[in-house]
Every structure is written in structure tokens, then in C-alpha cells.
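Take a look at the following structure, please.
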Amino acid sequence: MEPRILELRGEIDRINRELLKLLSERARIAGAIGDIQTELGLSHYDPVREEEMLAYLTAENPGPFSDAVIKKLFKEIFKASLVLQEREDKRKFLYSRETKPEDTQVRVKNAVFGGEPLIIAGPCAIESEEQMFTTAEFLAARGVKVLRGGAFKPRTSPYAFQGLGVEGLRLGRAAADKYGMAFVTEVMDTRDVEVVSQYADILQIGARNMHNFALLKEAGRSHMPVLLKRGLSATVEEWFYAAEYILSQGNGQVILAERGIRTYEKWTRNTLDLSGAVLAKQLTHLPVVVDVTHATGRIELMAPLARAALAAGVDAVHVEVHPNPKVAMSDNNQQMDFEQFDAFLNQVRDLLEPARASG
Amino acid sequence: MEPRILELRGEIDRINRELLKLLSERARIAGAIGDIQTELGLSHYDPVREEEMLAYLTAENPGPFSDAVIKKLFKEIFKASLVLQEREDKRKFLYSRETKPEDTQVRVKNAVFGGEPLIIAGPCAIESEEQMFTTAEFLAARGVKVLRGGAFKPRTSPYAFQGLGVEGLRLGRAAADKYGMAFVTEVMDTRDVEVVSQYADILQIGARNMHNFALLKEAGRSHMPVLLKRGLSATVEEWFYAAEYILSQGNGQVILAERGIRTYEKWTRNTLDLSGAVLAKQLTHLPVVVDVTHATGRIELMAPLARAALAAGVDAVHVEVHPNPKVAMSDNNQQMDFEQFDAFLNQVRDLLEPARASG
Amino acid sequence: MEPRILELRGEIDRINRELLKLLSERARIAGAIGDIQTELGLSHYDPVREEEMLAYLTAENPGPFSDAVIKKLFKEIFKASLVLQEREDKRKFLYSRETKPEDTQVRVKNAVFGGEPLIIAGPCAIESEEQMFTTAEFLAARGVKVLRGGAFKPRTSPYAFQGLGVEGLRLGRAAADKYGMAFVTEVMDTRDVEVVSQYADILQIGARNMHNFALLKEAGRSHMPVLLKRGLSATVEEWFYAAEYILSQGNGQVILAERGIRTYEKWTRNTLDLSGAVLAKQLTHLPVVVDVTHATGRIELMAPLARAALAAGVDAVHVEVHPNPKVAMSDNNQQMDFEQFDAFLNQVRDLLEPARASG
Amino acid sequence: MEPRILELRGEIDRINRELLKLLSERARIAGAIGDIQTELGLSHYDPVREEEMLAYLTAENPGPFSDAVIKKLFKEIFKASLVLQEREDKRKFLYSRETKPEDTQVRVKNAVFGGEPLIIAGPCAIESEEQMFTTAEFLAARGVKVLRGGAFKPRTSPYAFQGLGVEGLRLGRAAADKYGMAFVTEVMDTRDVEVVSQYADILQIGARNMHNFALLKEAGRSHMPVLLKRGLSATVEEWFYAAEYILSQGNGQVILAERGIRTYEKWTRNTLDLSGAVLAKQLTHLPVVVDVTHATGRIELMAPLARAALAAGVDAVHVEVHPNPKVAMSDNNQQMDFEQFDAFLNQVRDLLEPARASG
């Protein structure tokens, strides 16, 4: 090593240590200011003060760094102090494993989300008593513990079938009860949270409402288990924030569901973001579901992707099953019939055993 | 031309004409069936019947077309009859220029959307009386007729400032009244439509709620002018359908707002889809706004894109303006200050004249 | 069932059968024309003739279908005949399982793509003899049969390290030979296909060159095995067409690699499109690789996604491994070190057994 | 203001000033090291040294910052020094206005890109002498100075028409010469740069080859004007880097062309990213073209979007024009016929005057 460089690096080491000392001292003083601000109910973030500090620092900047670089470095320093302060205010996110390292389990009837590999299945929309009872009987006989079915349907067109409403809720509840299943159904309006809570075991918040913050808060206040689907083009971060809206109301029973995101690809209905589902397992403590029906829209892809999701460690897969998809009132092409579901089950069965190889 | 080909083409011409005759006859009979179905309240679409027809057609298929091709061709024929029937049921979309060829004008106070180039401006969030009155005074002096400001704010984090609520509505109304402006503000919950309608001139439905169908219907029932933003990653078709939800409730006063869509590009907040805005002008009769603030997130892009939007024929541009963006409680980096707005106005002024060159 | 409807449906059935007869006759005549065209070297598609037919059909259209619908239906009929003709010209896609139902196996040294689950591993870029030999020794000891390493590097910036070139090829070849591995490396220029073919066992065509048709053709003419990465935002269809470019030159040894597509999501480098990989297995007969390094860019996601890919039935996973990623000349953050690779291997080992549960 | 806070802020100010002094001193020493490294041909970036510094800094970290925060802050400081050093090595980007503030003008025949609003027009593919001469005559009569036409065509399918090759080049050259126009045509293979340069005035690098770095370099070495299209899903930053590949070879005659990016939207062929085009005008000194044909794929959108682009300040618009699009060998639906082009021209004419209102 060149001796001139070695010598100069000694100088750098000395300065580094002085910088470390000063940064730490600065952080302690900033902390003391923060405590006073908390005491007085003031915000920690004070943009006018930051502006003022940057003004004299750039005015006195001797170079060789440009003013822009000096501003950037000091903004990083300001931000670090601020974050430190906010953490002390216990603003840790409730969804995060840093706040709660152990897995959250959500128990509904006989099912434990986060405790055993599960399947959620049932028709897209609740259409009739016969349809729901036939489906529930079929699924229960195959060990499926959670029955889905929409009573309030989010439809692109106002003229499409909008669901049976409360009558649908009643049918779903009755079918689930008769066959000992839990019942999950979507709620779309803050004003319906109460009535849906009377019939359902789990409130579903659909992809189109993931950014409906009023609904998230109302679901949070309900203290019902909530199945929160990721939005059509929500980032993973926004999905976690949506969960935080529910958690922040004191409701810890949130289940996250990845259902594919919107991309340019045309051969599938959406693009399953399995990385997003795995990040949800790694970074949050909440149970995670993968909805292979909406993620693909193609029946032949559902078993391979369900296998993939289970092998990657998610807690449950979600599929749509209908006694006669051809006459279904919505999503005709992506609901499995009973035969298709049996074939699906055969393809994924080895990954549904509680003690999976991968941990 | 090869004579053998010419002769065979004569054969083809004869068959084409027979096909035309048969297809037309078939359509008339299908129409008669449809009328009976309408009379009896039955659905026109009967998948079991279609299945049955395809079964005998493929069973009797003499070739050379494969069964798959025969199915495809007949499905097209079935669909054409169905569409014909649905059109007769007057299922034309209310948003479409085919239903209403002439431009819809939405009048609020002194502003006519669809009648003159307009600017909507104001702060992201309503923060204080001083902020709103200062801004309204400044904007009114420059001829801006529509004041914006959020009282209920859709924020990614539940811990971010959520708006002043009803107090914000009151401040916005008062500022608009004092300076003779119209006031537009966002509504996020079906339960708030009534109270927001008491204070605002225009209800805004934000990008995150474009698929909140319960809210769209409630806004439709309010008979207030509605500014409908395109969803974060909504297709143009879905945006028009969202408008249809409002229109179908008997409320014709819908203004469409393009605000950029979510793409992979990182140097802008969103990607302005100007084609979408132009399609909205061409295919619907509704006024169209381009929100250059959310479309770009960069102040230096706002004037060029506003120029672009106006030159392309949209009815209004939407920008966020704040007396002191650095201390704003949201969107600090994308709100213009007064000086920036004056510069912006200078850059677009020639395109704000009512009689634009392009028609 | 309403008797009036039943009767009319009898009429429809009669017409359907006549249409079937006419369509079949028409297809036979069109076929005869097509044969003459083939004989004379003429194109089957004749837009002027189609225009002419549509002209008289709409002129003579008795309704109730609109002219637009008549045009649409006949265009479908024209297209069906054309496709029929093209199929007879043996224009079936070479990539398709319809052309070749059984799996293609690509053998290179001891590895059989399409015959056993494989791992492709090695550094992003070839940097030195020590780096390559250390890595090859380490990987070979763990049963990895295919060594990767870039000698020509596609870099966003012209000032970034561009690879060692031919010297890199030589080092990769020597390391692979010493440890009995196959060697795959990228080629970026038609003029380099020859030299890369002298050193490598498999030519890689990178994501950025998937639409470089000149390179695809040259790789096709080389008769070397080709690892074809899906483009940054290529559709599945375009990816298959790119494979067809290679196959159409008489080179059947194509391996498809999914490596994530570009989306709005920011927490991963790309979004793995596992549906795309499964469609490649279902619709083509070619071996399919999933590159979890570029698909995620995050080391903690690589094992779960490799598990997912293998459980879904792909033939191989691709990862980047470097003896000391911190000092690597490219992709510092996404290459695993040896310890990380051992942990990775432990997590996926149960899915690397030749006789996997899922078949 | 609370006096306790004021006092503590005085402390902060003192520390800020000491930090400023130390950071500046550190930067000067780092600069001295950098000069020695440059002298010795060593890299400025030394990850092992950085690792070593972070090791003792975290070992000696007294709090309250976590080790992670200390690492982050020092990495920022390291990076700032490195950037400083690299800038001194004259690694400023050649595309940037910081390097060259004034607009670059590219002159070809009678046209000056960057000096007057231009139209580039012509058929998608060169098909025949008659087609090219008719088109050139028509366009020249309307003042169009730049004729386009593809001789080497990038086609998704290997079985689609691939262009006339050198014969096409000859026809394009002859037509341009006869009517006094400049001729731009695409080059797809490094081996063709020479022959295309013999016939064309401007080499086009298409969207599918924007990341074909070998081709970019070869085009850079040719010293021909280059029209560089943005890739299908390239970021603005990647587009500028691609330009830098050409510029770095000593070829300053680069014209940037935005042609729409790939998004989920289905009603347009691509999504025009006008913000990207405006950023290209603001951040680079190169002329910028907007290709409204590929950006929209819909003829009725081309005039409004061309108006938008010109009003936003771009230098040229690019459209495809064909004497008889219905029989064109590619892109049938998006090429304008002569009548459509005349209508287009009427709609944009007021924005083609050299002295535009907006500057």
C-alpha cells in the first residue's frame, strides 16, 4: 500500500472519530429538545428551524463540498435525529415484527390462520340457497374450513349483478353453520360493517377498497377478523400501511391477502407478486393468504401457483369454487367446478400437511 | 389474376351472400326470443343453451375447421345477437357521446366546466383560516374561479395528518365565499356525503376511491357536481364505468380528472396519461380536467404539461398552491408557492384564452 | 320453458346447421384457393380482396345487425380460413407443445435441463482467475453442475465495468473444465457469437437483448444451447416469439429463463412472474429456469422464491454467488457469499431431489 | 418559544458548525487520497477500506444512534467524497445541461433538429419504389423535411415481413434525394451500421434495441446523427444513459425520441410519457422528438397528442404515413393515409410556426 495514502488515511480515521463523537452529542441534545416538545405537545419536525440551520451552514460552507452536498448530508443528520425521537414516542408500526416478533394467529371456528396451511374456498358471489349449501357440503367433506362467498359485489359496471345483499349474508352464514365452517365475505361500505359483522366470521376488504381509509378504520373498530386484500396496484408498503389503519384502531386480527398486481402482461388476469407475499411473512407477524384465482384468472395455473405459495411459506390459499361455473353470475371463467377443485386438491395435497419440510 | 382463383372466388361470393342472409335471419329470430325474455324478466344470456348448441355443432362438424374454430365462430355469432338484444334494452352507457353527442357543461358559481379553459387551484390540505383566505385572495386576483382544499385527507399512514374535517369544510366555504370562488373538496366516506355537500360546490372523489362503488353511488344520489379522479392504475374503461355509477343515479354533473397513472418510472410521481384525457374528451361528453400536480410531482414539469393538456383540448388544469409549501402539513414538495404559481400562469396564459386556436 | 321460446329455438337450430354447412364449404373452397396461392408463391392474405367482400356484404346487409357487426363477423370468418391455410403451410410454432408434445431436454456436460432439477450459479461478472476457480470449486463440491459468469456485461452506464471480454471467457472455461461443470455466459453482439461459442457451453441472451432480433437469429445459426432470458417488460407471448426466432434457424436447444418483470413495486428489483414460468412449462416443450437473483434483488427472498419455483415445476433456478460480494465489480448487494449460498441450499434441498412429489 | 429549547438549539448550532468544519477537512483529505489513486491508476472506491472504517465506528459508537444509523450516516459521507472525486475525474455526463448548457442542434439536409419544429413522416416499412416516391412527393409538398421508412424491421414474429434490407435502403435514399428530404431508417445489427450509414442521413435505434449496448457503441463510432428511441419500458434515466453510450464514443449528434411506454392500459398501444420528453428537454441539451404513432396506435389521438407535445416544447413529432395503409405489410391500423395526414397537419399547423408563443 502506497505510504502517502496510508498516512492520509490516518488523518481520516481521526476525523471520523471526532465526527462520531459530535454526531452522538448532537443526537443527545436533539433528544433533550424532543422530550420537551413531547411534554409541550409540539411536533418534533420543525421545517422552519431546519431551513434556518441549512441557511447558515451553506453560508459558512468553506468547500470543497458544494452547498447541495452539505445540505444533503445535514438533512440526513436531521432525519436521523427525528427518527430517533419518533421511535422513542413509540411510533413503531404495529404490523412490524420489530414490534411483535412472534407470528399472530387468527382463530375463526375450527381454523387457525398462521397455525396450519388452510384453504379458503367458495363461489365468487352467493346466488342461491342450493348453490351455497351444495358448495359448503362439498368443501367441508374435503376438509376445507373456511367458506367464502360475496353478498356485496364490487363490479366494474353499475349494471352488473351487485350481489344479494343481506339475503346473501344470511345464506352464507346458514351454509357455513350447517357444515361447521367459518364464513368470510366482503364489506364495501362503512355503513355495512355492522350488518356484515352480524353474519360473517371474517370481514373481507377487497382490492378495490384497500385505499378506502374510512372503511379500514371502521373495520378496525369492529374487532372482527379482517382479510385485507392488496390493492390492484398497491405497493407492499402501502398494503402494510392499510393493515396499520386497522391495527391502529385496536384490532389485531388482520390477515393479509396477495391477489396479484396489475401489470402490462395480458395472458394472466393479474401478476402474482409472490415476493410481496413472502415479504409480508418476513416483515410482518400477520398471517398471509395467496388468492390464486384473481392472481391468475386461469384454472390451469391455480394448482402450480398454490404449490408455489405454500412451498414459499404462506399460510393459506384462496380459490373460487362454484357448482356450475358456466351459469355463475360473475367470474364465469375463473371459478373451478367440483371436479376441477378435486384435481386441484390432489396437486397441492402434499403441501397442506401441517409439518411442511421448509419451516 | 389466375383464372382458377377467380372462379373459386365467385363460389366464395355466393356463399358469403348466403351466410349474410342466414345470419340476418338468425338475428331476427334471436331478437324475437329476446323480446319474450324481456317480457318474462328472464336474462338474455343463457350459457346452458349455448353449451347445447355448441355440442351439436361440433358433433356434426364435417371439417375442415377444427371444433375449436367452429366454437369460436359461433360464439362470435351468439355474442353479436346478445349485444344486439342488450342494446335494445337501452343499455347504452350514459357517459357515451353515442348517448349524448353534445358536450356537457357543469356550472358552479362563475365557472363553467366544458365552456371555457379553467384552473382549479388551492392547497393540498386546509390547515388554517389564514392559509385559506390568503390563498383564495391571491388566486381570485389572478382570475382563478375554483378553489380546492382537502378537509378529509386520504393518507397512506394512519399517523399522518388526516385533515381538519368539518372545521376544514367551513374554512374552505368561507374563503371561497369571500372571494367569489367555487369550492371543491374531497369526500371519502358515504356517511360524509351529506355534510360535505352542505359546504362544497363540487364533491371530489379521489384516485384511491375511484373503485369505492358505495361512495360513487352515494355521490350520484347527492345531485352535486362531482369531480371524479381516475384511479391510481385504473384503465380508461374503468374510469368511464366509475362515472357511469354516478350518472346511473340520475346525477349528470360529472367532471373527469386524469391525474397520472402508476408505472415503473421513478423520476415522476406518476405518469400523465394524456391519451386517456383525450379519449375522455372524444368518447364521453363530460368535461375533463388534468391534474398536473399529482401527475408529475415536480414543479418544473407542471407548466409544460399544463400547456400540453390545454393544447390537446382539455377543459381545465388542476394545481396545488400553498402560501408556504415548506411548512405544509402534506405534499411539501409538490405544492407551488405564490411566486411559482405566477410563473406557471405566465407560461400557460396564452392557452387559457377562451377562443383557442385548435378548437 | 316458455313454448314460444322453444319453437323459436328450433328455428335457430336449423339455421345454425345451415351456417355450419356453409362455413365448412367456404373453408374448403378457401383452402383450394390457398393451395393455388402457395403453388404460385402468392400471399394468402389479400387485404384488397377482403375490402371488396366487406363492401358488398355491408351494401347488401338487410339488418338487424349493423354494418359494423357484419364486418366483424365476416372478418372472423376470413381470419379462420387464413389461419387454416397458414397451418397447412406448417406455420405451427416450433416452441409449441402442439408441434412437439414431449419435453425437450438440453444436455450440457453432466447437466440435463428438463431432466432433473438444476442450479445455475456463479458470479455476476468474471473478475479474476482466483475468483472463478474458488467459486467453481465451492459450487462443484455442492453438486452444482452449471457455472455462470459474465465476460461481456450489459451495464446501464458506459462508464461502469464492462467485463473482461475474451480473457473472461477463457477464465470461465478453465474453471468449468477443472471442476467438471458446464459454463454459461452472455453474448451481446452478433459479431461475438462465434468467439463466445468457442468457450461457452451455453450462450446466454440477456433480458436487455431479448428483442435484439439480429442476435437471436445469429444464436439460432450457432447450434449452441441458448439460455434466453425474458425481457425487462416482455409479454409471455413476446418471449415465446423470441424463442421462435432461435428455433426457426434450426436450433432446438433453447432454455427459457424468467427473471422478473418491471412493475411499479419498489421493494424488489423486479416482480417475479411465476405464472409466466408455469405458462412456459405448459405451452412450450422447452426447459424453464427461474432467476431468483434478478427477480428479487434481495437475498432473503431468494430461497423462498426458489422453493416456490421448484414446487411449481420449473427445471432450474439461477442465482449469483461470489466469494466476496462486498468487493464485487457489479451487483454488490444481490450476490450471495458462500455462507449465504449454503444456507440457501439447505432451504431448497428437499425440492432438488429428482423425484419430486408434484410431478 | 420555550427558553429550554432555545438554549439547547444554541448547542446544536455550535455542533453543526464543528461538523461542517470536520466534514470539509475530511473531504479535502479524501481528495488528496483520490489524486494519488488517480495518479497510480487505482479505483477511488475501496469497499474493504469502507468496511474497516465502519467496523471501528460501530465498535466505538457511544449511542444514542444505533449502529445501523451510524453506518448509514457515514456511508453518506463516504459517498459524498467519492462523488466529489469522480466529478474531478471529469465523469460529468455528456448528455447533461450541466456539461453543455446550450441546446444541441442536429442538422441534416434542410432540417435542423433543435432549431425549428419538425415533422418526421413516412411509412412504417419501405415496400416498393412507387410507395416511397409517392409518399415522399406528397410529404415534401407539405413541407415535411425528414422522410422515414424501415428497411430492416424489428418484428415480434420471425415469420412476419422483415423488411427489404439493402434494396429498401436504396429506395429510401432515392426517394429522399428526389424530393430534397433527409432520410432516417432503423439499424438493428452492429454489422449493418456501415451499410445503413451509406444510405441514410440519420440512423434510428429502435425501442427494442435501446439496451443493445453493442449497437449503441457502434452507432457512436459511426459519427452519423442518431435518432434514439426510448425503450419499451426504459426509465428516463436509462434512456439518458443509452444516449451517453453514443455520446461517449465522440458522437454528439443524438436526437432523443419518446414513443410511449408499456403500461397496463389497453385502449392505447402504449402510454405517451410526455413528462419524460419534457425532462429530456430540461435535463439534456439534445433535441427531442415525440413519436405519436407508436405512443398511441390510434389515429384519432395523434393530432391532439402532437399538439400537446409541441405546446410542451419538444422539437419534432414523428408519424407514420402510407399511401394505402390497408394493404401495408406492417402496422396496418396505425399508419395514416394521405387524407388523414392532411387533416392531422391542419390540426397542428398553428404550433409548427418557428416562433411559438411559449419559447
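To keep things simple, chains are lettered A, B, C and D as they appear, and every chain counts its residues starting from 1.
Here is the rule we use: a contact is a pair of C-beta atoms (placed from the backbone, for glycine too) under 8 Å apart; a residue touches a chain by one contact, two chains touch by 3 or more.
Small disclaimer: the values here were computed from a predicted structure and weren't measured.
Between A-C and A-B, which chain pair is linked by more C-beta pairs in contact?
A-C
Quick one: point me to the chain whose Cα centre is farthest from that of chain D.
With centres defined by C-alpha atoms, farthest from chain D sits A.
Hey, how far is the Cα centre of chain A from the one of chain B, in Å?
Each chain reduced to its C-alpha mean, chain A and chain B end up 28 Å apart.
Taking the mean of the C-alpha atoms as each chain's centre, how many Å separate chain A from chain C?
32
Among all residues of chain A, which ones touch two or more of the remaining chains?
In chain A, the residues touching two or more other chains are 233, 237, 262-264, 266.
Report the residues of chain A in contact with chain D in the complex, numbered from low to high.
Against chain D, chain A makes touches at 2, 4-5, 8-9, 11-13, 15-33, 36-37, 40, 49, 53, 56-57, 60-65, 69-70, 72-74, 76-77, 80, 83-84, 233, 262-264, 266.
Which residues of chain C touch chain D in their complex?
47-48, 51, 91, 154-159, 188-192, 208-209, 211-215, 217, 231-233, 237-238, 241, 244-245, 248, 262, 326-327, 332
Contact residues on chain D for chain B in the complex?
Of all residues in chain D, those touching chain B are 233, 235-237, 261, 263-268, 271-276, 278-279, 281-282, 295-296, 298, 300-301, 304-305, 307-313, 347, 350-351, 357-358.
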